[in-house]
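When the chains are written out, they are named A, B and C in that same order, and each has its own residue count from 1.
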Amino acid sequence: MSHHIVEVKNLKYTYPDGTCALKDISFRITHGESVAVVGENGAGKSTLLLHLNGYLMSGNGIIRIGDYPLTKETVKEIRRTVGMVFQDPDDQLFMPTVYDDVAFGPLNLSLPPEEVDSRVENALFTVGALHLKSRPPYRLSGGEKRSVSIATVLAMSPDILVMDEPTSNLDPRARRKLIELLKTFKHTKIIATHDLDMVMDLCERTIVIHKGQVMSDGPTAEIFMNQELLAESHLEKPLRMQGCPVCGNK
Amino acid sequence: MSRIQTAFLDLGLMDTLSGKDTPVHRLDPRAKLLTTLIFIITVVSFGKYEISAIIPFFIFPAVMMSLGELPFYYLFRKILIVIPFAFMIGIFNPLIDREILMRIGLFSISGGWISFCSIMVKFILTAGSVLVLIACTGFNSVCMALEKMGAPRIFAVQLLFLYRYIFVLIVEASRMANARALRSFDGKGKGMKVFGYLLGHLLLRTIDRAQRIYLAMLCRGFDGEIRVNRHLEAGMREVIFTVAWSAFFIAMRVYNIPLIAGSFITELIL
Amino acid sequence: MHMADALISPAVGGTMWAASAGLIAYCSKKVRDDVDDIKIPLMGVVGAFIFASQMINFTIPGTGSSGHLGGGMILAILLGPYAAFLTMASVLTVQALFFADGGLLALGCNIFNLGFFPCFIAYPFIYKKIAGEQPTQQRIMAGALAASILGLQMGAFGVVLETLFSGISELHFRTFVLLMQPIHLAIGIIEGLVTAAVVTFVWKARPEILEMAATAKPVRHLSLRNVIAGLLVFAAITGGALSWFASANPDGLEWAMFHVSGKEELESPEKGLHSMLGAIQEKTAFLPDYSFKNPEEKEGHAKTGEGEPAANSGEDGKWPTVSAGTSVSGLVGGALVLVLAAFIGFALKKRS
């Protein structure tokens, strides 16, 4: 299935105010891969992700999702394929209740009501949030909000999941649960994050972005062993690869 | 506690109340909205010197409150919080209107006092009924009802968004207000200039947020139309509820039951 | 300046409801047709902002009291008139429902006074004219200030007219205007300054936001003449619809008292005040049947004249004292029913 391929070629982007956020980014992600995008604050990770579903479009560079290049004509179709989970769940959960929110996408696909219903139930069940169905989003904890926002995306049955900092603001338990959940997904995953420990658990491949450019792209384990590279891009080894400060063991 | 936090808790509590599951809560919101409107109009239509004839109208909020398991004291306190204004205004009546309208034994009561009491009674009833409506229906359902009753979709969606983000923005605003309060002394730092910056920042953040929400909507196929998969079902129960209460209100509007009952009793006694 | 239920007759309330509902429908259509879908979340979130911002206040120099942001004008500048009107209407609706700020019946009046005037008069004909095509900071400041003040003046005048049309007030038009306008001048200046401060802040930080509203197909095709003609037609209809309610003519002075106290708002613009007042008044307004009146004799007065003998007690309208018997019955019966209501409440509670 070439369907779930994400290909980015020579992507450049400059914000209207002149900030040059992406200078020449290229990579190719194949079906079922789970890829981390890491880099310092302001490196351009979020900007890159926003291109993947056509929210930002620049004349420079090519993006292909599946079989189509991303253009004005294909953007609707592509948004159905690429599910975006945003950093702040409050931005993603805008409807009055969890149910309405998860149903929002499927309804826009003009599915029949019963189909919408079953999709909502399935998506909420998958993330373990079925019991929250009729709650308003402002009455959820941070972890619950995150689960539900993932459900809103799953209900669209996307092929590719794109997530911006999914573990930020979560307590260790909620974070662990989320990681376990994401592990069960068979989707192609692209995750921008600063949580390198999560990357070790979840992503076999890592792309390091530095000042709008791909600095390195390869197997996660290799990249995290490369001290110089990490230091240059303001990163640190994941804690579990660092020596233990108490016992001094490597 | 600061005003902003109070308001937040207040909204939150009303919201919790509306999430209960009682026969009253389960009724279709349209029935409750319509009935409340009829209630307010009948109450308001009473003359200014009317007191006793209005009393039976307390039955409606009383029934709704107990069936809906609403906390009487809390709602009553909410009315009391706003009543000083009514009181302040109403209290002018006795000053202006000194005509003696009523004598009971040695006491003479002026029209002003009567109309003042009437105002208070009506105030408690109308304000109370709106609070009861919200507490046993919930704002979102009221919006849905509005939409089903013919309000433009965009307007209803507007109200839903507004309500949804009040909770987010109040938290944000109170964080800023606290930050200001912690760093301003003797009233310095609470002036208009700082206020302008504060609001300006909050506004910019708000607009950014709107942009992110819009993006999230786009990602899920938003095309300018908001759809909600929710059917309101008004059945026999709703019809009976609305018709029965309206009939009751109108009957009470036409016949002064307390007066009739009272005459009967006083005659028995005297 | 929220008009309260009590200040208006049901007929005025109904007419203004219809007017506001019509405007809401019209604006909804306009916003839908707008290419810019982002307005949909933007309106709701900015409405929530207005709400939240009213909870933060600032100290008014030299008085120790506090003020806050008004709303209508800043919305119009940020969102353009149609979206701003809808947003203002939702803010007022939430206030009426949750905080009893402005009654349900008076909601139509409030939406009209606080939404229509800033969005459709002050914004296009004052703000836009002053700010011009190439706005500078001074122009934006001046425009926001002037438009806020004048918008509020018009709103206050709307209150006056609605009251006169209600036939509730006996207050002379002139006295009334003299009472209302200066108060709202003071409020308007404060609101105007805040609005100007916030708008210039936004303009300096992110000019594109203001441009977005300004370029969104504004009310250019809406000429002042059309607006005035529309208003006149509207006034005529209102007047006609109300004339036969004129007989129900309750107390004017009380109304004025209300407004005198309405001034309190200036010192503590905490909201809620007006609504309460209104709620009260409204009850006194409609249908002139007084239980304590002497039927025939009184009916005559109520129909013909101002019907409010208490206010102008000097006049001929002597109210016959009600017989003690009737009043005692009323009291006894009332008490009885009240106990009954409480009892019903408790009984149901126990059961459930």
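Observations on the structure shown:
The rule is simple: a residue touches a chain if its C-beta (ideal position, glycine included) is under 8 Å from a C-beta of that chain, and two chains touch if they have at least 3 such contacts.
Here the structure is a predicted model, which means the values were calculated and not measured.
Between B-C and A-B, more contacting C-beta pairs join the chains of B-C.
Closest chain to the protein centre (all Cα atoms averaged), using per-chain Cα means: B. Between the Cα centres of chain A and chain C there is a gap of 48 Å. Once the centre of each chain is set as its mean CA position, chain B and chain C turn out to be 17 Å apart.
Mean C-alpha position of chain A lies 43 Å from that of chain B.
Shared interface positions of chain B, i.e. residues touching 2 or more other chains, are given as 160-161, 163-165, 168, 209, 213, 217, 222-223, 226. Among the residues of chain C, those in touch with two or more other chains are 41.
Multi-chain contact residues of chain A (touching two or more other chains) are listed as 94. Within the complex formed with chain B, the chain C residues making contact are 5-6, 10, 21, 24-25, 28-29, 31-32, 37-38, 40-49, 51-53, 55-61, 64, 67, 69, 78, 86-87, 89-91, 93-94, 96-100, 103-105, 193-194, 197-198, 201-202, 205-206, 209, 250-251, 253-254, 257-258, 261, 264, 270, 272-277, 279-293, 309-311, 313, 319, 321-322, 324-334, 336-338, 340-342, 344-349, 352.
Interface residues of chain B facing chain A in the complex, by the touch rule stated above, are 15, 140, 143, 160-161, 163-165, 167-168, 209, 212-213, 215-223, 225-230. Residues 50, 53, 55, 76, 79-80, 82-84, 86, 88, 90-92, 94-97, 99-100, 103-105, 107-109, 113, 116-117, 136-139, 152-153, 156 of chain A are the ones that touch chain B when the two sit in their complex.
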